[in-house]
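There's a structure below that I have some questions on.
Should a chain be cited, it is by its letter among A, B and C, assigned in written order, with residues numbered from 1 in that chain.
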Amino acid sequence: MIEWSYAINQWKPSFDDFTRRRDHERALRVISISGFTGVELTTGTGRWEPLGNPEQLAANFGSVRGFADFVRDAALDRVSSWFYDPLLGFREDLSAPADPADPDAHASVRAHATWFASALADLGGQVLVVRPTASAWQRPQLDDGAIGTIAKCWNDVGRAIAPLGVRLALHFDFLSALRPDDGLERLIAATDTETVGFSVDTGEFVAAGLDPVAFIDRHPHRVAHVQLKNAAAVDDRDEYTRRNAEHHVRKGGGARPVPRWFLELGVAPGLVDAEAVVRALVAHEYDGWVTVESDLSPHPPTSAMLNGWYLQHVLQSIVEEAR
Amino acid sequence: MTWKRWSYMDHWITRTPQGPRQPSFNRKHTERYLRQLEALEFTGFDTFSFALPVYAGLYGSVGAFERVLQDHGFAGLTGVFSAYPYATDFAAPHRRETHDRIVADFERTAAAVEGSAVENVIVMPTNTYFHVEPVTDETIKVTAELWNRVGALLAQRGLALGCHFEFWGAIRTEEELALFFEHTDPDLVGFFCDTAQHTIAGVDPLALFRRYRERCRGFHFKDTHNVDDFEAYRTPPDAELMATGVPRWFYEMGTPGGLVDFPALMREILDSGFDGWLTVEHDKADLGGGDFAESTAVAKWYIDNVLASARAGAAR
Amino acid sequence: MTAGWSYALNQWRQSPTSFVRLEEHERAFKTVSAAGFRAVELWAGTGRWSNLGRPEHLRLNYGSAAGFLDRLAECGIDAVSSLTWDPSAPAAEEGFELRSTSRPADHGAILRAAETYLELLSELGCERIVVRATEPAGRLGSGFDAAAVASVLDRLGAAAQDHGVRVAVDIDCLSPSARPTASRGCSSSPTAPSSTCRSAPRISSWRASTRSRSSATTRPASGTSISRTPTSRTRKRATCFRVRKSTSCRGTRAVRSNAGSSSSGATPVSSTLPLC
C-alpha cells in the first residue's frame, strides 16, 4: 500500500528560520489538510534545527516520543522517514563530516545512522533516506574500489538498522558523484539486495537525465522509498561537475540560469510524468511511503496545497483503480 | 453530520513575478488559487462586487468564471460583498439623497450575477463611524429605509440581503443593532454575522446569532486578538488599517490569543437548524508577514480537526 | 523649474491593503531619499486606503498639504514632482463613473475631477500632473475620438495653468493609438489583440488633432510635443506628451518624432515608442 507524506525541508529557507514551534505547528497542519498523512524530516544540527536530530527533538519536545505526539496533534499519523546526509557533521557530538568513500569514516556513519534509525522507530517511521556519497565535483572519479568502499559502508548500516524495523534507502541526486560512469548502477550491484534499498527521487533523476520509471521497472525490489517532485530542466551541460555546484547550480541555476530546478507536480513546464511513476509503483506492488517534496519552493504553503490537489485529483485515483 | 457548505471569501494575495498581487493578476494565478481552495475542499466562493468585472474580463463573463469555479468543485459564486466605507456625495446610507444612487448600484450588481449560484448579497450597511457622527436614532432609521429598499429589490431577483456590521461602522453596539433591525423588514433585510467584527466592537457574536437567528443569512468566520477599548472605531482616518497600536485586527481561526469561541458558535449553529453557507474570511492576513495561503490552510485544518469534533456536543 | 530626479511611489502599492499606514510611507520616503532622489511622484487612486492618491484622504492623514510636505522634508524629500492621474479610472469619491476622454459628454466631469487634484498640487507646490490620455484600447473598442481627447486635454492644460501646474499627457502601451508598425509587436501581446492595434487610430493623427484644436482657439497655453526634457519653448506650454517606455510589450523602437515642430516650432526630440 502506498502512503503519502510530505518533506518538511522546503520550510527552512535560512539557518535561523523555521525554529519556533508555532512555525512547525502551522507547517504540519498545512501538510495534513493538504491530504498527506506523514512528514519526512531532514537532518540538521544546532539550536536552530529543532527538527534536525534526535537530541534537538528531545530538547524541544521533551523527548522523541513527545515530538511524535506533536505530529499526531497536527492530525498526521507519523513521521514517515528521515533524510540523513553523512557529509554534514553534528555540533551535538562535535563529529566531523563523514564520507562513505573513506573507510575511516564508516564507524561514524554507522553510529549516526543508527542514532537516527532508533529515533525513527520511536516516531513510527520506516525509512532512513541517506545521501550515499559526495557530489561529483568533490569526488570526480569513483572507480570500482571506491564504489566497493561506499557499498561496504551502506551494507553495514543496512544490517545495523534492520533490527530496528527501519529500511535503508540510498538517495541519488543530480549532483551526485554516482552520476558519471554509471555509478548508480554499479552501486546497486555492489550492495546487499536484502538490506540496502534505494530512494527514487523523480525530480533529481530527471534533472540528471535518468528515467525514474525505467529505474523502477528495472529494480522494483530495490525501491525502498520514493521522493516525488517535478523537474523544470535537465542538466545536459554537465554543470554538476562545477566546483561548489550546490551553490552555483542547484541554488544559482547554473549558466542558463534555471530559476527553479524543481516544481510542483503536474505543472508546466515540468518534465516528470508523476502519473507514470505512480502507475509503475502500483504495477510492481510497491508497499511504502511516497514523499512529495518541493525543496527550494518560493512559497511552501502554496506548494503543499498544489501538490495536495494533484494527489487528491490525479494520483490517488491511479492507486484506487488498482485496488 | 459533516458540514458541507464552507465557502471562502475572496481575500487572497499571492506571490507573482511582479510582487504580491491578487490572484486575478492573471489566469495562471487564479488557477493556482482555485486549486488550493479545492485541495482544502471549499465548495462556495464569495467575492466582491468590484471583482465581478475583473473576473468577467479575465474569463469573458461572470458566467464563464462561475463555470471555472464549478470545474474546481465549487457550487459556483455563492455570495457578493458590497461596501461604501467612506461617505461621499454619491453613497451615504444615512443620507436619503444618496439612496436612489445606491439602489441603482444594487440593480447593477443583481444583473451582474443573474443566473449564477449567488444566494447572498452582503453589505456594509453604513459608512465609517466618523463620517456619520453623531450617530443618532435618525441616522439609523434612515439607513434602515435604504436597506429595506435594497432588500426588496434583491428579493425580487431571488437574492437575499445580509447586513454585515463593522466594528468601525455607524451601527455597532447591541442597541444600535437592535434599533436597525427593529426598523427593517425581517423578510428583506438579513443579518450577516462577522465573528471578529462584533467581538472587536465588544458584542458577543454568539449572543447576536441567538437573537437574530431567524434573519441570519451567513457568517464570516474569522478571529481577533483585540477588543477596541480605545475608540479606534471613531478615529480618523481609518480604524481597520490605521489604528494606533493595532496593526492587525483579524486572524484566522485557531491562533493563540483568539477571542472568538468558534466551537461554541458551531454547536449553536448546528442546534439552530441554520443551513446556509459558513464563510471563512481572512481579511488582511498578509499584515505583519502573514500569508493568505498558510492562513487558509490552517483555518481549514481547524475546521476539520477542531470544529468537526465540536459538533458532537450539539444537541442535534 | 530645473530638471531633477524623482521616484514614483506607486511601486510600493502591491495589494489593496498595502502601503497604507504612515510608518510604511515613512520608510518609503526615507528609502527614496537614501537612494539619492529628492522628490517623489504620487499616483491617483480611490478610497480610504489610497491615502496618497486622493486629495481629501491625503489631507486627512497628514492634516494638510503642508503637513505632508513637512513629513516629506523630515524624511529628506524636498518636493512632490508630479502626480499621475487616469481620468478614465472610476473613483468612489466621484460616483464611480466610467469616464472617457473620447466622450465629450464626460468632459465636464473629468474637468471637475481634475480640479480636486489641481488644488492639491497647487498647495503642494507641485508643477506637473501626468494625465493618462485615454483608457485602454480594449475598453474603448471603436470609440476612440482623437479630436475629443485633444479637446479635453487642451482644456485640462488651461485649467492646470490657472493653478500653476502643467499637464503631461501619458501614453502607454495599451493606449488605442499606435504607429503603423504596431501590429508586429502586438501580435505577441496577450493584452492587445493585433486586430485592435491595426485598426487603432495613429498617434500622429491625434497630435494633429491637438495642434489643430489649439490653433483654432485663442488659448495661448495649448500645444503639444513629445518630450521628456522640456526645452525652453515646451516649458511654456501647459500640455506636453509623456511617452512611456512599455514594459509589457515585446519590443520597442526608437523613433524620431516631428511632433510639435510644425506649429509650435519645438525642437524635434528622440523618444522611444512602444510597438503596441
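Some points to look at:
Note that a residue touches a chain if its C-beta (ideal position, glycine included) is under 8 Å from a C-beta of that chain, and two chains touch if they have at least 3 such contacts.
Remember, predicted model here, so these are calculated numbers, not experimental data.
With respect to chain B, maximal separation of chain centres occurs for A (centres as means of Cα atoms).
Chain nearest the geometric middle of the protein is B, using mean C-alpha positions. Between chain A and chain B the centroid-to-centroid distance comes to 43 Å (mean Cα coordinates, whole Å).
The geometric centre of chain B is 36 Å away from that of chain C, both derived from CA atoms. The distance from the centre of chain A to the centre of chain C, each centre being the mean of the chain's C-alpha atoms, comes to 54 Å.
Shown for chain B are the residues in touch with two or more other chains, of which there are none. Of all the residues in chain B, the ones that touch chain A in their complex are 14-15, 32, 35-36, 38-40, 256, 291, 293-294, 297-298, 300-301, 304-305. If you check the complex, the residues on chain C that touch chain B are 14-18, 20-22, 47-49, 51, 57, 60-61, 92-96. In the complex of the two chains, the chain B residues touching chain C come out as 13, 19-22, 84-86, 88-91, 101, 105, 128, 236-238, 241-242, 247, 284, 286-287. Residues of chain A touching chain B in their complex: 22, 26, 29-30, 32-35, 74-75, 298-299, 301-302, 304-306, 308-309, 312-313.
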